[in-house]
Amino acid sequence: MKKPDLGTIVGLILAFGLILIGNHLEGGHLSSVIQPTAALIVFGGTLGATMVGFPLDEFVRALKTVSLFFFTKAQDPAKVLEEIVRYAQIARREGIIALEEHVQKAQDPFFKKAFLMVVDGIDSKTIEQTLELEIHHAEEKGEIPAKVFEAAGGYCPTVGILGAVLGLIHVMSNLSDINAVGSGIAVAFVATIYGVGAANIVCLPAANKVKMKNKAEMQLYEMIMLGAIAIQQGENPKLIEQKLAVFAHGSGGHGKKGHAEAKKAA
Amino acid sequence: MKKPDLGTIVGLILAFGLILIGNHLEGGHLSSVIQPTAALIVFGGTLGATMVGFPLDEFVRALKTVSLFFFTKAQDPAKVLEEIVRYAQIARREGIIALEEHVQKAQDPFFKKAFLMVVDGIDSKTIEQTLELEIHHAEEKGEIPAKVFEAAGGYCPTVGILGAVLGLIHVMSNLSDINAVGSGIAVAFVATIYGVGAANIVCLPAANKVKMKNKAEMQLYEMIMLGAIAIQQGENPKLIEQKLAVFAHGSGGHGKKGHAEAKKAA
Amino acid sequence: MKKPDLGTIVGLILAFGLILIGNHLEGGHLSSVIQPTAALIVFGGTLGATMVGFPLDEFVRALKTVSLFFFTKAQDPAKVLEEIVRYAQIARREGIIALEEHVQKAQDPFFKKAFLMVVDGIDSKTIEQTLELEIHHAEEKGEIPAKVFEAAGGYCPTVGILGAVLGLIHVMSNLSDINAVGSGIAVAFVATIYGVGAANIVCLPAANKVKMKNKAEMQLYEMIMLGAIAIQQGENPKLIEQKLAVFAHGSGGHGKKGHAEAKKAA
Amino acid sequence: MKKPDLGTIVGLILAFGLILIGNHLEGGHLSSVIQPTAALIVFGGTLGATMVGFPLDEFVRALKTVSLFFFTKAQDPAKVLEEIVRYAQIARREGIIALEEHVQKAQDPFFKKAFLMVVDGIDSKTIEQTLELEIHHAEEKGEIPAKVFEAAGGYCPTVGILGAVLGLIHVMSNLSDINAVGSGIAVAFVATIYGVGAANIVCLPAANKVKMKNKAEMQLYEMIMLGAIAIQQGENPKLIEQKLAVFAHGSGGHGKKGHAEAKKAA
Amino acid sequence: MKKPDLGTIVGLILAFGLILIGNHLEGGHLSSVIQPTAALIVFGGTLGATMVGFPLDEFVRALKTVSLFFFTKAQDPAKVLEEIVRYAQIARREGIIALEEHVQKAQDPFFKKAFLMVVDGIDSKTIEQTLELEIHHAEEKGEIPAKVFEAAGGYCPTVGILGAVLGLIHVMSNLSDINAVGSGIAVAFVATIYGVGAANIVCLPAANKVKMKNKAEMQLYEMIMLGAIAIQQGENPKLIEQKLAVFAHGSGGHGKKGHAEAKKAA
């Protein structure tokens, strides 16, 4: 289920809101920073440069991940761990074949693929190789949208400067009227603001967020892989839980409970 | 077969088109950003610096990859996978020797080399070593044009600044006529625009695209290598397909089909 | 026990104090660098951008590590090593089971988890895998606050420039009164100072300190892991001390003592 | 035999020539960019900073590699491969001892050392360890001149800015005569040109070229090492040629020939 | 024995000397670049920021390595290799125990520790593990002062800009007297010079030199470790010399001599 990503939404509102309020308090007019031609130059140039830099399908895929930026679809690792432990218990009590009906109902395609291989009786080395290859590819694929945003965030400020210099060239051709010069320079500077702002408040943070969400998903996949292999090898459900707990809760703080459980299991 | 790379073409048109339209809407004249002497300084200086930085043959080879930038010649990994699976079926039914006539007709030199080694009965460890060495070298060789464009994109803006400062020095020698100063500065600024624009809209995106195409080709080679080794070891065609599917389709979404096939195969 | 981190406190006082004293001696007024609107733009924009760039819980966790920045809670590795050697002696004399009552009283959750696994009789390979997974996760988790501060330190100066350009746009609209222009530019420049100062005196150094403290903690964990495994394998307490000494005292200078002890132990 | 490095020579002529021609066409005088004091500040400061940054002997060694920059002394890998294949054939026909007289005549010290170890009957594991250690050291040693040029290229532009600011300080002390100010600024700007130009047209490209030549030499050494070990282990000359072909010709395009040869050899 | 580091001393004199001479020749007065308040802001701010960024003890340790910067205390690897070969000969002739009296007289703590372990009869795997742990820690510890200087060199120029902007703010408040403005700007610019100069002529080169000296010391330690293990395993002194020669003399050029010796040894 998708949940709105509060960090992104609140962050964008805070950043743009406070900057505009600050500008207003300093006596600046909102109208003086709204300039369609500067936007055309900066965003058009950045868009074009980014399209040049990436294969078209990757570029389109990156645009589609904009939703990833506003929504969180990541599964709760603690719940996935619970599911793995439940599978381990079923496999212990009723045999690995008994997992098949549960696996068929699984939502996540990676989870399903991993446990179908277990149910199919494929050996653990082949499972590990296949799933590691899959994780490796998913990780690289998931990084590309982050790289698209990063590249856009790199081109943006320099295209902003390009826009500003274009404006300044226009201004410089006629230096006699000092007030015209002033407002001309003001207009030129807006391109810089668009470039710097889009890079530092949108593109680079977006790249970072996509990267972090991708990393979290890969850790989930790694937990599923380790869990599937452990179940295939008939490991004790309690020990599986203790070993994978770090993926679900982070380190530390679970010593006591883990101890009691591991003791019963040993 | 070569296909035009739409991303590059549309991207370049968008970037330069929108920047020039924006400049026109702001009241700038196209003529004011066309200056052959600035172009001579910026592009000549960058060209020279890049030639200094690379062995001459690598520099020439990078210039030739400009076509790689406008055209896509990459093979469809899904089709190559189909071919590998077909080979695996032939090898199963008729023996590895039966592959020879098919291999002779293969287009891609890496594909041909890999399967000729299989047909020649060379052991799988030697095949893996030889092909890995080959992939490693092809990867490094394929990265060099990207490095040439990256280096050019690094020298470009600073040579642009050098050109602008040269212009400013000329202007500064005579500050008495304010309008002459203005247009002099305008002229000097064009060098900056050339440097920043060439770097951010052409060189750096080109470097990125060459890198990504090279990476995609290396993944194809890796799939071919894994496929050749698996066929040499007599693995089940269905399992080969399932294992290599990730190279052709990306991860996820194929659990169901793979499951049914793997079951029949096991 | 938490101890105040003198480096942070003295460093901040020195940096801000000497800069302000220098400014005062140059004839600058403190009031001219205190501008709430510039602060609103720079710190608000940076705060928002950083929130956009990180998952909300990681962002909140980073804010909480501000205490880590002013206080030192790290344990003395020499004392932890003493404890490990004491455990090794108990295990030698009275058997591993005799450790249980001591382990129950341990404060540090990682130390407790490691030795509980030893007491529970889990095999050393599983202990190593579980603890390495835990250290790996703790290391990545501990790096995130450093990355948050680093990102903030990266956005900060450019948002400062954005604030300055916003101010300059306002100034440029009215160039006729030269003194108004001067003080307008002065006001605009304060945003730059806030951005550059917050990045270089607070955010980036903070990121570095968090990173170094995290690294020191991970080395402690590594020592605990190696100690727990050595005790589980019944190694000689003197040899354990000699091997782990490097974590507690750094390299060199202990040759003589270690020699005498190792000789007795061999 | 040393051959002049056309890339370096043509590149330097192109870069400096086109920049100066461009400057001339814009109306600038050559005399206005020739300023011994600016050169003293920029090149002296950079020279000193680079000496501070490196051990004296490494610094001197880097200065000596300037010839490496203008000349190419690299051996043709295809010829070295031919020699290795010839050695392999001799070793097959007449035994490894028969290689001794040929090895004594070898020019390249690494080639000689490698095959002397083979002739001396040292086991292949020791040969591999010794030669890998040697390659590793040669690689690190060969990278240092590149690092010296890179460091100089890093200090250069900032020392250029330092020189320009020094000039501006001098100009700013007397702002009353506008034309004197203009020419003063012009003079100050020359330091920037020297710094930016020396970095981007000489130092950084030189660092890159040294790096690439070093890498090519290391690949040659690696080929020699693999060849020596293969000969020591009595491998088939045809297979050695096929395996090492990638070092001499790059990948691909040799499938047909290699196939025919390998077949005869198998 | 400590020897003065000529590179550092000559480099600093050259850099500062030539810059000041260049400034003098351009007509600048030394007095105009000596400004205690700018120094207070730039060096005070940098000092504070660096203290914030590092644990206090590491910061203090880095300050103490300033002597490492002016003096060379590294041992000559060729002499250490001679000593190792002498030890190998003693161990061959008189047995490993005979080394004890020589080891007791050794100066270098790492050398002593390594050979004491050999004399104590500890197995070669434990020696390798212990010494590798020690080298790894010594390497990390030795890198920290370099990181302190690098961080200072990173904060320095931006604090210089901060100081310059503070000065400009002061100037901008009163633009009516053009000559006062000029000298005010001149004063403000000095902070930039301090920041850029301290970073590029002192801090960054110092960081580099500390890094390179640390690396050389680690290579010495590695040679000692390999030598100690080889002696413990009773290897031939000639072969040890040949294998470790690369640490003492660099690669190449010793083929002939090594050959003759190895032949006698085999």
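Chains: A, B, C, D and E, in written order; residue numbering restarts at 1 for each.
Definition applied: contacts are C-beta pairs under 8 Å (C-beta built on N, C-alpha and C of every residue); 3 or more make two chains touch, one makes a residue touch a chain.
These figures come from a predicted structure and were not determined experimentally.
Would you pick out the chains that touch chain A and also touch chain C?
Chains in contact with chain A as well as chain C: not a single one.
Could you tell me which chains are in contact with chain B and with chain E alike?
D
Could you work out the angle of the rotation that brings the CA atoms of chain B onto the matching CA atoms of chain C, rounded to the nearest 5 degrees?
That pair's rotation angle lands at 145 degrees.
Centroid of chain B to centroid of chain D, CA atoms only: how many Å?
Between these chains, centre-to-centre, one finds 25 Å.
Taking the mean of the CA coordinates per chain, how far is chain C from chain D in Å?
40
What residues in chain B touch two or more of the other chains?
Residues of chain B never touch two or more of the other chains.
Name the graph shape formed by the protein chains and their touching pairs; answer line, ring, star, complete or other.
ring
Mind sorting the chains in ring order for me, with chain B at the start and chain D directly after?
Beginning with chain B, then chain D, the ring reads B, D, E, C, A.
Residues of chain B touching chain D in their complex?
36-38, 40-41, 44-45, 47-56, 58-59, 109-110, 112-113, 116-117, 120-122, 126, 129-130, 133-135, 137-138, 141, 151, 154-155, 158-159, 161-163, 165-176, 187
Going by the contact rule set out above, which residues of chain E touch chain D in the complex?
Per the touch definition, chain E meets chain D at residues 5-8, 10-19, 21-23, 25-28, 32-33, 72, 157, 178-179, 181-183, 185-186, 189-190, 192-193, 196-197, 199-202, 204-206, 208-209, 212-213, 216, 239, 242-243, 246-247, 250-256, 258-259, 262-263, 266.
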